[in-house]
Amino acid sequence: MSVARVTTITARSAESFEGAIREGIERASETLRNVSGAWVKDQTVEIRDGVIRAWQVTLEVTFVLE
Amino acid sequence: MSVARVTTITARSAESFEGAIREGIERASETLRNVSGAWVKDQTVEIRDGVIRAWQVTLEVTFVLE
Amino acid sequence: MSVARVTTITARSAESFEGAIREGIERASETLRNVSGAWVKDQTVEIRDGVIRAWQVTLEVTFVLE
Amino acid sequence: MSVARVTTITARSAESFEGAIREGIERASETLRNVSGAWVKDQTVEIRDGVIRAWQVTLEVTFVLE
Amino acid sequence: MSVARVTTITARSAESFEGAIREGIERASETLRNVSGAWVKDQTVEIRDGVIRAWQVTLEVTFVLE
Amino acid sequence: MSVARVTTITARSAESFEGAIREGIERASETLRNVSGAWVKDQTVEIRDGVIRAWQVTLEVTFVLE
Amino acid sequence: MSVARVTTITARSAESFEGAIREGIERASETLRNVSGAWVKDQTVEIRDGVIRAWQVTLEVTFVLE
Amino acid sequence: MSVARVTTITARSAESFEGAIREGIERASETLRNVSGAWVKDQTVEIRDGVIRAWQVTLEVTFVLE
Amino acid sequence: MSVARVTTITARSAESFEGAIREGIERASETLRNVSGAWVKDQTVEIRDGVIRAWQVTLEVTFVLE
Amino acid sequence: MSVARVTTITARSAESFEGAIREGIERASETLRNVSGAWVKDQTVEIRDGVIRAWQVTLEVTFVLE
Amino acid sequence: MSVARVTTITARSAESFEGAIREGIERASETLRNVSGAWVKDQTVEIRDGVIRAWQVTLEVTFVLE
Amino acid sequence: MSVARVTTITARSAESFEGAIREGIERASETLRNVSGAWVKDQTVEIRDGVIRAWQVTLEVTFVLE
């Protein structure tokens, strides 16, 4: 219980950064157990024809090793 | 009027990072006068059972010394 | 098509950081062609009388050179 | 033999940072083969009632891929 | 309970970095309530006549606002 | 005597960065005892109509706790 | 398709940094599917008897989760 | 002659980082006069089907204002 | 009025860093309208025969877009 | 007396980081006079067969020029 | 002529940062030949009784190897 | 054997960054014994008339003290 791992993921959403964070945490929780937190390392947007198409975040996700 | 102080706080919200920022600024304004701005230094989320329980920010808050 | 430029802008909104990002991208797209993305470098808020008056972002905007 | 991976872990000890490092390396060596080194990325302490309850380290652990 | 402050202190010990951290936390807990953690920002030693005279740490100390 | 605090201030002057530093130290010394040093973290200028109106510094000021 | 992971590897070559990058990508592609890119985080050389024996890179490799 | 500007570009090549740098400098010199140097800020590779498709650099290019 | 651009320049003076900053701001104001501020990113000196020949600054200059 | 030099060394110990620091300072004091302090820049461990074989530090050592 | 070394020094002056830089360059030029430039890495002030007693700089000094 | 020094050099080549690194290591090995490695800290190019005239690297070179 006293050791945790940190893994880095990127996730994106068509709506918002918070949508992207939710998406990433949901996806991480499918394969990792005991996810306890995440740090937002980077925030970027993808643009085409002057419109934001994707809100993307890079997250450092911590999960406790059993 | 030409000197200001910068103090670091963390704040959290069950809803969003922006909720956390509002919460932190509100709390800081109770004890500090002349708060003029804040810089978002870090953004993290706390997770339990695969769900985001708290959106947390670290802010560097500037307030002008009278 | 293989060369792009990166320019730094700041933008603000009365509503939210995402509003500020949209504002900045919109303004950048008026004068720059082929804007392909942006990285959020900094997020700050301006405060007066204990209330957030502006949400401001600094963006590094990439646009492809034709 | 010429390729290695780097993974990030956190570990804690009730005694000292060096206890936490030993704890983390021991735990990492249970599941990873050929651990060759680690870099101390961060050191924090957890405090309750004015007493240090845990010494925690974040380590970047390198292990050689066979 | 959802807002905390972060303050920076330096502390020193004739014995070790961990002695300096304990010294700093003890001193901080005299005037601050609800100290919950600290991050080790810097570690330095002072030397005279080839001998280490002081082990000094800079800590970012977090305490919860009531 | 072995514990010090570090606080961040900004100060400005119409003349020079060194004027701003003197201004900041003077102001800090009014309320803090035993100020022992400061680190220049940032230097900026404010400009209006092509003329520098203010030289501003951000300082991390150290003062010894008694 | 909207979530990717980032993993850190080191790789080395007797010839050049680019040889090391190719080596690392090749090795990563054996066990990871959908590798889409890599960022060169560090470049070092190993030297013995005044001669460069190995060109080593640290890469942050991104691969898309299916 | 005593003032220069710094602009950021990205460039890519199918061959190597040095090819990408040459490509970027060539393109920059078409529109900018008196380019005097460049600093390599970032190096990335794009990968598809386990093969490096592009070597990309981010450059901070300096050019002297006449 | 809510969008600004940031551009990087270097400037030098035979006298002092402040002379270099004034020189750079003056030159920037010739071609850019609404320059509102600058951040000193770097300070270097050029030396020949043991004497400082030039004081050079790198500035990030902000100007408001109309 | 008002000018000092800073040199970087690495040192290791089989016991602890503090052992490595003492070792490094001792070795530096053999060839350098007036060593006044050191900053711990990095801490790493070397591991073989799951056991820490060496505690290594990188130090920036300051010594006053006479 | 194509290889240079970089060494780090600190210097101080009772007057100003520029006085400290001149002092440091002068001292470095006594023992090093072909000093070509210096980068200001840090600026600090020492304070006693509310008055600045010393302006101190850390410089990275470059000198060409013959 | 357990203590090493790290020194910073810059080197340049008319051909490539790797040529510059070889040049720097060769030159360093003339005066330093037991050079064991180097870290590439910076890569820049010098340009005149739109052509790259020099590829320059800054290296942190480690050599073991006997």
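Letters A, B, C, D, E, F, G, H, I, J, K and L mark the chains in the order given here, with residues in each chain numbered from 1 onward.
Following the convention adopted for this analysis, a residue touches a chain if its C-beta (ideal position, glycine included) is under 8 Å from a C-beta of that chain, and two chains touch if they have at least 3 such contacts.
This is a predicted model, so every value here is computed, not measured.
Counting steps between touching chains, the shortest path from chain D to chain H takes 2. More than half of the contact pairs of A-C, counted by residue number, reappear in one of B-E, A-G or A-B; that pair is A-B.
Distance from the centre of chain A peaks at K, each centre being the average of the chain's Cα atoms.
Centroid distances built from C-alpha atoms place G farthest away from chain F.
Our note on geometry: chain A versus chain K, Cα centroid distance of 45 Å, whole angstroms. A straight line joining the Cα centres of chain G and chain I is 39 Å long. Look at where the CA atoms of chain H average out and do the same for chain K: the two points lie 33 Å apart.
Spacing of chain A relative to chain D, judged by their CA centroids, is 23 angstrom. Touching two or more other chains at once are residues 7 of chain A.
Contacts between chains, counted with the stated touch criterion, involve the pairs A-B, A-C, A-D, A-G, B-C, B-E, B-F, C-H, C-I, D-E, D-G, D-J, E-F, E-J, F-I, F-K, G-H, G-L, H-I, H-L, I-K, J-K, J-L, K-L. Only residues 2-7, 60, 62, 65 of chain D touch chain G when the two sit together in their complex.
Those residues of chain L whose C-beta lies close enough to touch chain G in the complex are 18, 21-22, 25-26, 29, 35-40. If you check the complex, the residues on chain C that touch chain B are 16-17, 42-48, 50, 52, 55. Interface residues of chain J facing chain L in the complex, by the touch rule stated above, are 7-13, 23-24, 27-28, 54, 58.
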